[in-house]
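Remarks on the structure that follows.
Just so it is clear, A, B and C label the chains in written order, and each chain counts residues from 1 on its own.
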Amino acid sequence: MIVMKNIYKSFENESEIFHALEDVSLKIQEGEMILIQGESGSGKSTLLSILGLLMKPTSGSVEIKGENIVSFSDIHTSDYRKNEIGFITQNFHLFEELTVKDNLLAPLVLHPLSPYEIEKKIENALTIANIHHKKEQVVSSLSRGEKQRCIIARALVNNPKILICDEPTANLDVKNSLLFIETLKKLKKNGRTIILATHDTIFENLTFIDQKISLKEGKID
Amino acid sequence: MLNKLNFLLILLLTYKKKHLSIFLLSSLLISIVSSVVFISSSIKHDIFHTLESQADFTIQKYKAGKVLNTPTKWIDEFLQIDGITNVQGRIYGTHFYEPAEEYFTIIGIDLFDTQVVSSLNKLIDDINTTQFLSRQNMIIGSDVKKFLDEYHYFDYYNFRPPDRSIEKVFIYDTLNKHSNIVSGDTILMDISLARKILGVEDGYVTDIILTTPNPQEIDTVKIKLRISHFDMRLIQKEEIKKYYQNLYNYKGGIFLVLYIIVILSFLLILYQRYSIISNSDAKEVAILRQLGWQIKEVIWFKILENIFVILSAYILGVSLAYFYVYFLNAPILKNIFLGYSNLDIQTIFSPAISFTELFLIFIFFTVPFIATITIPVWRLSTKEPSEIIK
Amino acid sequence: MTDIFLSYEVSIHLFIQLIIFFLLSISFYFSIIILKNYQIGASSSIQYSLEKKSYLILTIIQLSLITKIFLLAFFTFTIDSLSTIIPGAMCAAGVINSNQFGVPLILLKISTIILIMLWLVLNNQDLKTKGFIYFKSKLRFFLLIYSLLFAELIIELFYFSSLTTTNPVYCCSNLYKETQENSSLFLDTLSLLISFYTTYVLIMIAAFTKSRYLLSILAIIFLYLSYLAIVYFFSAYIYELPTHKCPYCLLKGEYHYIGYFIYGSLILASFYALSASIYKFHISTFKNSILWYTLFVLILSMQFILYIITNKTFL
């Protein structure tokens, strides 16, 4: 259960202050899927960064299960991210020269797991994301859709409760976008909380979306 | 922890090129400084080894700033002093061969006397005395052999003593290369022959050496020796040791200063290179942070990455230096340490490295390196992931 | 004077010390900045940027600690090697005591290491608890440590530049003679031994009952008592020579480097005991104190007992 109250975020430049978010509040229940719509520059990515504990707001609070995590030190926010959150982004933030399998190692090495357990988790995630057959291939040789599935596998490898997706279909064709939506549906069925920010209209009329929020110039419409 | 190391290795092996230039530069620096340390250490070791077997005191007659031949009657006087066990008169000197402008060192040995200098004892044991004394024979050092061979003196050589006679001396044997530093250009012969060739009058010797086995008594003996004659110069083995130690410390010290200058420039380059945060580096950190890596985990990960590079550079550098000094005998560098002498020194360095020295080289390189990259690594690790991921 | 600097070991040692000090000065600078700008209740993004700065300080301190521990061991080698060129000194004891800076230097080196280890404990606490409770106090503690480090550097420079290769110095048999003018409070070895073992038992009791502050106070007392006990009693049994009373020769190879185990366990034990005052009740602090103090006392006592058994006589 995530509660954002009166979130403000401003960025300071040499001469000016840019207000990315102004007075944003929202509530996300467990297992919900929330769609955040808005044009580029409306503050979607900033909002997601704050929700993903990658960025601290200038003011306001973010409560997760009752605790205001905004004042937590890096250790706690990182731990929370490590255990509870999976990111799916538009630019395929993968280690291009590593294999698919090795990319999935990056989040797992933080946990005290045996090599066998690591192997098992990787296999699991690759199967769910339907990219198991490309496990030994170097990421740079994959197609866009395959890279997307690689990102999904990595996001799922730790079995996170929350999935944060930032423009996941921006670099995909229609076929792969639809495949992605299918995957999302399955994940939501499994009880995960999904936060999706996009300006892609393909998500407009999905039935399994519980909440829709529109952002315009940093404010909720 | 092991998992992280495994992941680190995967990253290092995949992104080798990133570290290649620093790796090579580091190896070069380490191999140079290691070579210097190895050479100086070997020389010191050999010198001390040879010095150990030398006499405790050397006495020379000294008048008006000039060293003169020492009277033999002093030998009996010294034998009276308590604490002195062995006294011996030595005859040695240099012989100048004008046509080639080279100097030989001639040392006369009395084959029937136990030598004060124990290394000579071993040598004498190997000689068949009767055969050696049956005619005028000499044992020559390897550098001398090389020279004589050049001038086709394969079996004998004609010395020309001051009395204008000619002394034909046959070559009995050649000293092996190993003890080169002190006796490479030496010729050993019977003491009376040496006396003739060097023109030392009867009743005199070049100098007198004596041993004092009990180290507690050395100071007392020194005083007694000093007051026995005023026209005398006293050289103590300990002083020679200290002299050499200071000499090689001094020479090493110069290299140290040069090295510090070089390493400071290296560190500047290093700092510059690491301060420029390349896109791929920033992306790597951003991904890790996004995945839940803590800032301090990222910092330590990056530092470990560099430690791996340093370690490999160290191993490579030291191995190269070892090969250069002990297999190739350090061409070029060797001459800086040993100086250019008359005969071309054919030195073989004997491996004499201590753990302390290896540790010194390691820490001398590693600590400045890590210190230089600390701030750039920190800056990289604390970059906002959201800034990079856009 | 300049002879000393041309010995490899000393030059490199000082060079490394300067580098570490330079890094720690950067930490010092950052600590001041953070302390000036830190306000409770400030916006979380300002707090976050200050927190990020504090990670530089943490990293530098961690690196400095590791280097300083190695340097301390290396320092003993260096000092010992100098004994060959300083007249009269037969081992490190003579070199250390050759001028008035030697003993304070060693004491500072050991205390700064223990204090840095304690700082890391405090830092750990701060990072673990939510709300940055110890943030300011840990930075202030670091400022204190930094001043000691500065003192250590100055004293070290004075010490090395005052070493001469011409004036003879005393050796340990002279320095540690038992005379009435000794700084030891005890006139005989028996009361020293009784105090030593009694304090050890008290420490065990304090650790078992988890009395934090008592344990720390006892640790300080025991440090001094251990020093006296080692120098004036136990060392003679390790060297097997009644006149050889020296705290430094234990570190040499001919005695199997036993000094490192003895001093290492003592320093670790003292660290754990002292950290009990900082740590908010952590079982392993007490367990570790018990472990390392017991090891320390055992090693010393074993040397004594073994000697008695094999030689059937006291020294």
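Just so we're on the same page, a contact is a pair of C-beta atoms (placed from the backbone, for glycine too) under 8 Å apart; a residue touches a chain by one contact, two chains touch by 3 or more.
All values reported here derive from a predicted model rather than from experimental measurement.
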Among line, ring, star, complete and other, the chain touch graph is complete
Between B-C and A-C, flag the pair that has more C-beta pairs in contact.
B-C
Based on mean C-alpha positions, I'd like to know which chain lies farthest from chain C.
A
Whole-angstrom distance, CA centroid of chain A to CA centroid of chain B, is 65
Per the C-alpha centroid definition, the whole-Å distance linking chain B and chain C comes out as 36
Chain centre separation in whole Å, for chain C relative to chain A (CA means)
50
For chain C, residues that touch 2 or more chains besides their own
52, 55
Interface hub residues of chain A, defined as touching at least two other chains:
55, 74-75
For chain B, give me the residues that contact two or more of the other chains.
295-296
Residue positions on chain B within touch of chain A in the complex are 3-4, 6-7, 10-11, 14-15, 283-284, 286-297, 384-386, 389-390
Touching residues on chain C, where the partner in the complex is chain A:
43-45, 47-48, 51-52, 55, 127-128, 130-132
Please name which positions on chain A make contact with chain B in the complex.
45-46, 49, 52, 54-55, 74-75, 78-83, 85, 87, 89, 91, 93-95, 97-98, 102, 105-110, 113, 115, 118, 154, 158
Can you list the residues on chain C that touch chain B in the complex?
3, 5-9, 11-12, 15-16, 19-20, 22-23, 26, 52, 55-56, 58-60, 63, 67, 70, 74, 77, 81, 84-85
Any idea which chain A residues touch chain C in the complex?
55-59, 70-76
